[in-house]
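Here it is: the structure, laid out below.
Labels for the chains are A, B, C and D, by order of writing; each one numbers its residues from 1.
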Amino acid sequence: MSILVDKNTRVVVQGITGSAGSFHAKQMLEYGTKVVAGVTPGKGGQRFEDRVPVYDSVEEAVKNEGADASVLFVPPALCADSICEACDAGIKLAVCITEGIPILDELKFRNYIGNKMRLIGPNCPGIITAGETKLGIMPGYIHKKGRVGVISRSGTLTYEAVWQLSNVGLGQTTCIGIGGDPIIGLKYIDLLELFRSDIETEAVVLIGEIGGQDEEMAAAFIKESKYPKPVITFIGGQTAPKGKRMGHAGAIIEGGKGTAQGKIQALEDAGVTVCKSPADIGETAAKILR
Amino acid sequence: MSILVDKNTRVVVQGITGSAGSFHAKQMLEYGTKVVAGVTPGKGGQRFEDRVPVYDSVEEAVKNEGADASVLFVPPALCADSICEACDAGIKLAVCITEGIPILDELKFRNYIGNKMRLIGPNCPGIITAGETKLGIMPGYIHKKGRVGVISRSGTLTYEAVWQLSNVGLGQTTCIGIGGDPIIGLKYIDLLELFRSDIETEAVVLIGEIGGQDEEMAAAFIKESKYPKPVITFIGGQTAPKGKRMGHAGAIIEGGKGTAQGKIQALEDAGVTVCKSPADIGETAAKILR
Amino acid sequence: MLLHEYQSKELFRQYGIKVPLFKVVSDHAEVESAWTSLNSSKVVIKAQAHTGGRGKAGGIQMSGSVQEAREISKKLLGSRLITYQSGKDGKPISKLIFEVPAQIQKELYFACMVNRQTYGYSLIASTEGGVDIEEVSRKSPEKIKIENISGLCEFNDFRFRRLAKGLGLSTELQKQFVQVAKGVLKMFTGLDCSLIEINPLVVTEGGELVALDAKVSVDDRALWRHSAIAEMRDKLQEDPLELQANEAGLNYVSLDGNIGCMVNGAGLAMATMDIIKYYGGNPANFLDVGGGANKDQIVTAFKLLMANKSVRAILINIFGGILKCDVLAEGIVQAAKEVEIKIPIVVRLEGTNVQRGREILGSSTLKFVTASSMAEAAKKVVEVAR
Amino acid sequence: MLLHEYQSKELFRQYGIKVPLFKVVSDHAEVESAWTSLNSSKVVIKAQAHTGGRGKAGGIQMSGSVQEAREISKKLLGSRLITYQSGKDGKPISKLIFEVPAQIQKELYFACMVNRQTYGYSLIASTEGGVDIEEVSRKSPEKIKIENISGLCEFNDFRFRRLAKGLGLSTELQKQFVQVAKGVLKMFTGLDCSLIEINPLVVTEGGELVALDAKVSVDDRALWRHSAIAEMRDKLQEDPLELQANEAGLNYVSLDGNIGCMVNGAGLAMATMDIIKYYGGNPANFLDVGGGANKDQIVTAFKLLMANKSVRAILINIFGGILKCDVLAEGIVQAAKEVEIKIPIVVRLEGTNVQRGREILGSSTLKFVTASSMAEAAKKVVEVAR
């Protein structure tokens, strides 16, 4: 089993004719993802790799190919529009890879989609159900069908964790990079909730980093809901210089939260196993699951 | 019984220190309405008529006096803000009397309140449950506790209908002027639905007028839901000159609907009794209810 | 408030919507320089008047020389343009547009308005531009494409593209269409418009999307926050009585009958007209004195009624709510002092402060017929107006 | 992108937020006319530099005569301002503000930023203005009032009023505060700001609410739609290496250690720093080459690392996703041709196109230590850097 996506997920790639879009659409096809359509306005009628039909709009991709999920490789300036388009077309899950979207655009599409569509990202590697389907840019071969769910704000650090899980023989169920931007779609809590009822997922690896309060909220959720599966975490940025980017007022609103120390404290209070080194994630999970 | 408001409704008057606000707040008090607070920013701390406390914000009125409904006598330019304020403060039903609110403001507060708060109006006479409470500007004495619910887009034409119902001895349960603006809160359908389960309401008088499609939608609702109570209507503007205010494009979107003839046709098709003369509303209702 | 074509086009330019090169001519002396500055062998001259059907009525003419332009301008400027939409008196022409003619490949229709049902905006487009869109709507509704825009979302390029694709535009024209739609929505929301209509929106031979005509209406209720737009009002285009009513905060529409009506509330006013007809009479006007009328407004309202020489009887039908009956009564008494009233008046008063209202009327020297119901009032006024 | 105080205040004026009368002085020759035009017996001179703590560091001085102003300007213009926040090299002063001093009755704090949790904006206000707000937040959190604004609604006067009332302002000042808050939100959303901070926002003796200082930061990602703002960038205020990195689309932060790091992805880059420390080493920098780096960017990244003379070893930790390992490898080989590399390099490659990447590195003349895991790489680089 898995969460959110599996081998039956029918994927449309928005921005398929761009360079990142076409490279990763090919990679997804190779991995086995059902890429049923591409969308680039003005390029409808083409075929990508001689097989995937390209449309001018997501609406047409949904109508003609039954797409139910979308991966977006769309330039930052056009992303908000494309996400709203996916939502209106009836896409159930959108994965936005794009980095560099203006934050006010993020606010706007986040408010627009509300609960109508699930969004992963933006500025994320995507989601993969090992051995079944990938919607994103993660290298497929590092994943191995297995027993652990992975949730991470980071991109490459997720690969690191996944690679370790594969090397210790545990493998993964579904891995999700939720994205590094301040405004994102699904958060730790939403995904922990989904992993709770996925019987194949025996443990969850949660990769966090400094900034924001999402890890603290996840800790509170784990504690209050008496989360039934072991959670293993690593928090990046323990040695990062403080305040390089944070204005004064930002520190106020987060009231001293947002530091690696605070997050680690909160997670340990919730009974979560916190790895000291990012190289210990796989081993730690292996020890816990025997 | 009644719908939406009764003698226990705790009312805050927004704009109570203005001339219309203070006049009608007094009238409401006289009618027996529980006016528990007034709000005028900057005038908090006063007492209206030596008894009703005035606050700077609706929030304080709700917290200190338990207000659950609001009547707004606020200038058009400030109305959108005041409606959002009522919504945020937890008011359940707001009645906006104000006329002349810019339509884009109406769009904005209508989107803002969504389903969080019920709104009557704007540009309406308000709502009254005969013999119990009135939230609005209708002359109280014309109403008589009785058997008929009244819903109307008009102000004074509602009084006319009510007066007739009182004179023929039927009286009213609750009467609602839903407002004459293009963008309003509760519509015919919402109120018909509420009247359906009000056991004291034996029939509904529905006063419509030219423009928009709300009467047609009400007709469709009555037909499709096999509405269980008799509905008596009058449609104003049967002899009004056409197109004085309508741009071409407006006529398109309404596709020939919006005329008195179209509305009457739709209502008669739905089994509704349509009065030819506005003077026949009371008599017609009396005949139907014996 | 309706804008003139030239005003609308100047705003279009500010919002990035292409319009043909044009000059405004208000005086014969300006013809020469306008002609020269346009540097075109032909110039379209368009009368600026608030009415449709200008073309068929001679309000739009092509000139091939400055002499011809002079002649056309001489004929148009200062005259009244009578079209099938303008009413029998037509509309005054105090300004002309001198415009470089567009090389038209295709004529489209495009409009934006508020959507009452979705609490947002509707964009309406058609491949049948330059003609009466209501006609198109009746005969070939499939040629009309509608896109509903949420009142909240600003990201609608995909909707604009869908509309453009529905019109069968090329990819390049789709892009231009998106810009036009964006500009129109920005102007609509930024200036509190109630209608923006571009008919036709043309595709030129050069492949450009250009607004050839423009009908823009701004929400009167929002003019307080757009002082520059409010100043664009051309009062000469409005019916003098309606204008006077408007300035007094009254809602007045002239009609053909002989019974003057003064009513409070639009619904009751319409119903009053309906019942007058029902009893065989003919209303001379629609007059809603509004919810909160004061004494001065009642006086003005009375003068408006009396200004119509066809009026043979007056029906005052007031059901007091915000407007209190005593205020109305005082207004009538005051008006009677200022205006000589020789025709019969039927009064029906009910509602807030009705007793004081009746007393004031009763103790005045004014003669009138009273009625205790709307039906009685209507019957009586129809009778006396015969 | 941070703006200078004078730039922020000029924008404030456009958005209806009151600021003191001021002149910008970039050159000694302008002192006289600035002084005269202000027509004030005293003038505050403020160094324009991107750092807090200007006052205590002598960056803000009062002058009582044009001579004094000349002397202060001479000292400040062209010098570097070193404060407790500026870093050891300080920030260059190439402009001054000459400002009429405000008669201060009360100092408030006011700021606006994005709220990650509510998908809207937060307005933050305090009665404790003119001081370090983090300090206030720690010691008297009850003195800080926060109002969350929806990302959609524009009607928030009641929220602004609530905030103003929470500060204990009079009704008149509440009205002014509403205008300030409206202006700030309009500017924030209109210019894609990421922070607007007014500290202090003062109540003058005359009862006016005036922004005495201004810290405005604009979202770098949105500068493409604000060309006028983008041009305000003062590159002299930025760390030269960070600036160079930024212009190449890289994310670089200088640190104190001796191990240069090149990593893709901010998360992995932070984790790499963490693991270096974990094994007893000290990173010389944070360098995220980003998701989609090309060969030229890798070359630049390499040059950045080598520009830091403290660096005694380099750790390259790449887990290829969008950034393909072969592209990275080609970049390294190219960089090695352009920059002489005498220090040890530890490379750990994994991910997309890793085989080709390893082949490229393997077939080059470049010497490096390979590692097959992150832990191994960290251990090795810490070892060789000793």
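Please note the rule applied: a residue touches a chain if its C-beta (ideal position, glycine included) is under 8 Å from a C-beta of that chain, and two chains touch if they have at least 3 such contacts.
These figures come from a predicted structure and were not determined experimentally.
**Student:** Between chain A and chain B, how many steps is the shortest route if every step has to go to a touching chain?
**Tutor:** 2
**Student:** More contacting C-beta pairs: A-D or B-D?
**Tutor:** A-D
**Student:** When the centre of a chain is set as the mean of its C-alpha atoms, what distance in Å lies between chain C and chain D?
**Tutor:** 53
**Student:** Taking the mean of the C-alpha atoms as each chain's centre, how many Å separate chain B from chain C?
**Tutor:** Centres of chain B and chain C (C-alpha means) sit 28 Å apart.
**Student:** Touching two or more other chains, which residues of chain C qualify?
**Tutor:** Counting only residues that touch two or more other chains, chain C contributes 150, 152.
**Student:** Check each residue of chain B and list the ones that touch at least two other chains.
**Tutor:** Within chain B, residues 105, 108, 111 contact more than one other chain.
**Student:** Determine the shape of the graph in which chains are vertices and touching pairs are edges (line, ring, star, complete, other).
**Tutor:** ring
**Student:** With touch defined as at the top, which chains are paired up in contact here?
**Tutor:** Pairs satisfying the touch definition: A-C, A-D, B-C, B-D.
**Student:** Applying the document's contact rule, which stretches of chain B touch chain D when the two form their complex?
**Tutor:** 41-42, 56-59, 78, 80-85, 88, 105, 108-109, 111-112
**Student:** Okay, in this complex, where on chain D does chain B touch?
**Tutor:** Per the touch definition, chain D meets chain B at residues 150, 152-158, 161-162, 165, 171, 174-175.
**Student:** Residues of chain C touching chain B in their complex?
**Tutor:** Spelled out, the residues of chain C in touch with chain B are 52, 111, 113-117, 119-120, 122, 124, 132-134, 137-138, 141, 144, 146, 150-152, 189, 192, 194-195, 197, 199, 215, 217, 219, 221-222, 224-225, 253, 255, 263-268, 270-275, 277-278, 283, 286, 290-292, 318-322, 350-352, 354, 373-375, 378.
**Student:** Report the residues of chain A in contact with chain D in the complex, numbered from low to high.
**Tutor:** Counting only chain A, the residues touching chain D are 20, 24, 27, 76-77, 97, 99-105, 107-108, 110-111, 125, 137-139, 142, 152-160, 163, 180, 182-183, 207, 209-210, 212-213, 234, 236-241, 244, 247-253, 255-256, 276-279.
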